[in-house]
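One structure coming up, written as structure tokens, with questions to follow.
Letters are used for the chains, namely A, B, C and D, taken in the order the chains are written, and counting of residues starts over at 1 for each.
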């Protein structure tokens, strides 16, 4: 069950970085939604490596194929299986990994757990697994947009110490997509790009923060006490490769405020309930309050670096390992569609759950 | 299903702050574990209000009663239902809440979702719901300790801007419990207590950080890709009342490092695998690596303050509301056993899952 | 998770026949449903032992208490915990069971599984566990009746070789409840009662068939391919103590027909779709078709008989055991409310699921 | 979630009879199991149409392809996706079905539920969906055989009124496979085959009973109270297309016996616990008791017959419809591997669950 996410809008991803391919089964998608590969491919293109000079140069077309669940361009209500073939198989590039565990990768822990691993790349722990999520997320985003009027966005908020100015209420998709960093603060984006290029040249890598945003979520989504909206978002984000932290609304920063300062006063405006501040991040008691939902996700610097590092081999002998081949100095621009996808998956699931219990 | 947590060691909490009581059903507990109320009550005493001058003065004995699942002092393998009666019912204290939504509480969102709420206190959104979690967590901690050699700890790491020095590898339970703040850094604890007392006098409140620690977890627990250990921990922590953020290992702080700096080198020491740094926080690729697991949880300042604040009433008219009665200036000391409990629930579930698939 | 049933209208039962009591948590109940103990107690009275001369003489009032989830007589949308205390504890009556495994009971298998059992009665395998189901089922029936116009019935169809004439389209609750056998065919009911009385005198027991009926279910409930309506009903019924078989519509009898004979022709009648026969039992492809749902459940003869029988003791030595004390010659009248409850639980869950995906 | 089955050994099937193909994702398979397509294909060959003169003549090779989850011929512990392409697409053969609902098929109910259906064949309700189950079941059978010493069998017990003599303790796979009916009673098998050939000539169809058998299951598998072994088996069997009934052990026949007759006496034989009769069918209180598990599944006569029958069209107008094209007079020989697969899936899941809680 560990490869499934969601209860009513439920996805199951499958596939390793090397092997027959990667994909996803979406179970519980509402019927009669217009859906073809053209709805999915754009997000996969935003996720794929090789899209710009600041991300992994792995070259894959990542063409998605819908194998089931649609008929004459519409969803049937039955499981939608989507598949992307693996093309860039270069087992020889990984022969050293057969013998050595890469530091801060999942090589060692997979062996500790399963007693076996596909050493040709990251296997199941590869970011390639997120193809299934992004494909499913594209469907979730479409449902949210067309049936519930909800808009999902994500963007790069911070790279190392470089912080962008992002207004969750107003930032536009076109602004985010206007540069290869997916940072809507253009001046800052340039600095970020320069930093990443420097890191690439140094054979090193950087981490940062992606901000996720959901606008137009009606009050009432989220299920206390364990399936609170922020709890499900936190799980969703921490399930992404390389993520190390999650905060909603004021987050860790809010702890320097007092209760008087931090509370979000309710006001009535033209018959609608609003809050005049939004430290809550659009969620109170685990349930959306109608305000914009926003949160931040920390991603560690990519673990593969082009320098020798201490590690052990499969016989548990000390050795060193130097990354070689394709160097990915910064995962953040590609993490943006991943964060969008996971956000959409959480919200679509809760939209259906709200219909079920309280509809 | 939103009141259930865990797959194999599965709990279902029930109850509101006012009504017949609060409790939990634990399903999937291994049989033949010695268990009586005496194993549960100490953690409930650490959780209950009124335990010290710096927490909520609500007075409840919170005596737990095991209603099922044990026989002659041992678990049967059948569901364990535990119940704590509500005693401190003062509906008159809440009459104003019948008409007004408290800012940054869940009053408004519960009505938005369910169209009804128990206005006599926080209802299901009350911290009182965590009694069931802490009771179940006491069982989980016992299993982890006795059957797997795993120790679970939590402590207060930060109150507002006051930060304690805590070594996850060495901190002891007795140090944590040596003061009412549950901060093992004694000098800093005193400062924290003074700050909270000042806040109480000011009718205001503070937030902070609780650090959670699990020592002795063997390599191999955690289930990629969605039930990664850090993902389940994140969900667990964000499901606690007032929590706003979660970070594992280096967390948000790790993003200022480069990949070379951040990677944890593996070394072999006397036939055992260790890492010479632990920015990963004991988890890699969603699976424990045998090192100490540590993480931080941000809690916002308590929303109830003794000052008039803008809000709306149930007719959506603007008004003000001033907290009255029991004032809780700082939830952190009571959040410590909650964080322990949720950590233990996550790990006990994954211990059983590991036995199932790879045992 | 084995003590939980349902996905959206989800129950978790707890408790053994001897101990603090038995109960249930209902999670996912829609909010704002009028609900008090008076809605639950009548079904528990129909389930309880001692209600007539043909069932177990165990004397318990089985008074239900709602501990959570309601406020001012309405459901909150939060978990509803219901509890019935155990009163009739006579451990001395069971001392022989401490040493010996009763044939065709669960004594041996519980020890084989858990390595421990509560030998004071049937423990978790006791029919007493069904109190939680019947209590939850009373809520499910109320939702189905008030919000979906669905009527749930069950009755005794057969005792040993005595078969009643029951028309699933027309049988009334008052007819079923008009005799202690809960068989609406009055003449046949008298024969059944006489047979059971004879069995009681002989210290023996009989089995039979309970028929379950759901009228007014709209077309469209049920979720292919694994949560087909008949699959969920089958699981629900086979989870009842002493049940040995389930058949929907024509069932095992339908196999002597050919396809031409067995097919149910569709006809349009005043804009509504009907079938002119109903061998399908109201379900096709796992989804309700708008016709009456009916099915049969086989219950074996009660295993406790007042005669010495071969068995083994806990040291695995051959011995004999004679039932003593309370003799229950026929479980069928008490199984009727159990079958109703499980039917209602399945349908309420699917009603909510249908609202979620296709609503 | 309705396309998933199992908790720890969890499968998700996908695909319609016409479209890109059908398949399954197996999540939770233990690692390091030797597995290639050669382990799967034989069961698919036993399931596929066109294998003999008494089943559907649809011609498909049904070649399985493993897309993920294995490496160098062994399972990785990660999700195993298996895919079979659809080849026999003849949409023109189904054009009449676009306008008319076939009686006792799922055409009408799918439209009632989803408001859309793939009318090119049975869509998701087609027996073709069971390819995924049979493929996954082949893995489950292998695990049960190699790691737990459990043997799974199924055979045709009855066709219409022709009943075979089958001894669940002794029947062999080779006997079952020795004729195209998969009935180990050779003389009876010939009669069955003649009946089916007669039905084919008459353009009609027959139903019957498949018996499922599990030998070598240790005492202790099965999870009261809702996931009892017989409950999960019942659900599994009633989720198969065309199944109408399930009975375990004595089943419906047991109700003519008294308790004294029906009880299975325990005896100790060379330190092992046996029962001298097995009316329980190897399960007591929902848990295996170490005896042979056996049960029967009723399958209705195939709904497609080559005669005009009353029905309605999509405008709800009365009309008639005559089956044409591929006529399947008897599903039973092909149902045998389906029953095996579902049995294995239930047992493999419970084997892992037992390891988890009580291992």
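We adopt the following convention: a residue touches a chain if its C-beta (ideal position, glycine included) is under 8 Å from a C-beta of that chain, and two chains touch if they have at least 3 such contacts.
All values derive from a computational prediction rather than experimental measurement.
The greatest centre-to-centre gap from chain C, using C-alpha centroids, is found for A. By count of C-beta pairs in contact, A-D exceeds the other of the chain pairs A-D and A-C.
The centroid of the Cα atoms in chain A and the matching centroid in chain C are 46 Å apart. If each chain is reduced to the centroid of its CA atoms, chain A and chain D end up 39 Å from each other. Within chain C, contacts with two or more other chains are made by residues 1-4, 7-8, 13, 28, 31, 77-78, 113-115, 124, 224, 353, 358.
In the complex of the two chains, the chain A residues touching chain C come out as 7-8, 28, 30-31, 77-78, 224, 352-353, 355-359. Those residues of chain C that touch chain D in the complex are listed here as 1-5, 7, 13, 101, 103-106, 108-110, 112-115, 124-125, 129, 158, 160-161, 199, 204-209, 218-228, 230-239, 241, 243-252, 254-268, 271, 273, 275-276, 279-281, 283-290, 296, 298-305, 307, 309-312, 316-318, 353-354, 358. Here chain B touches chain C in the complex through residues 1-4, 7-8, 10, 12-16, 19-23, 25, 27-28, 31-32, 65-71, 74-81, 83, 113-118, 120, 123-124, going by the rule given at the top.
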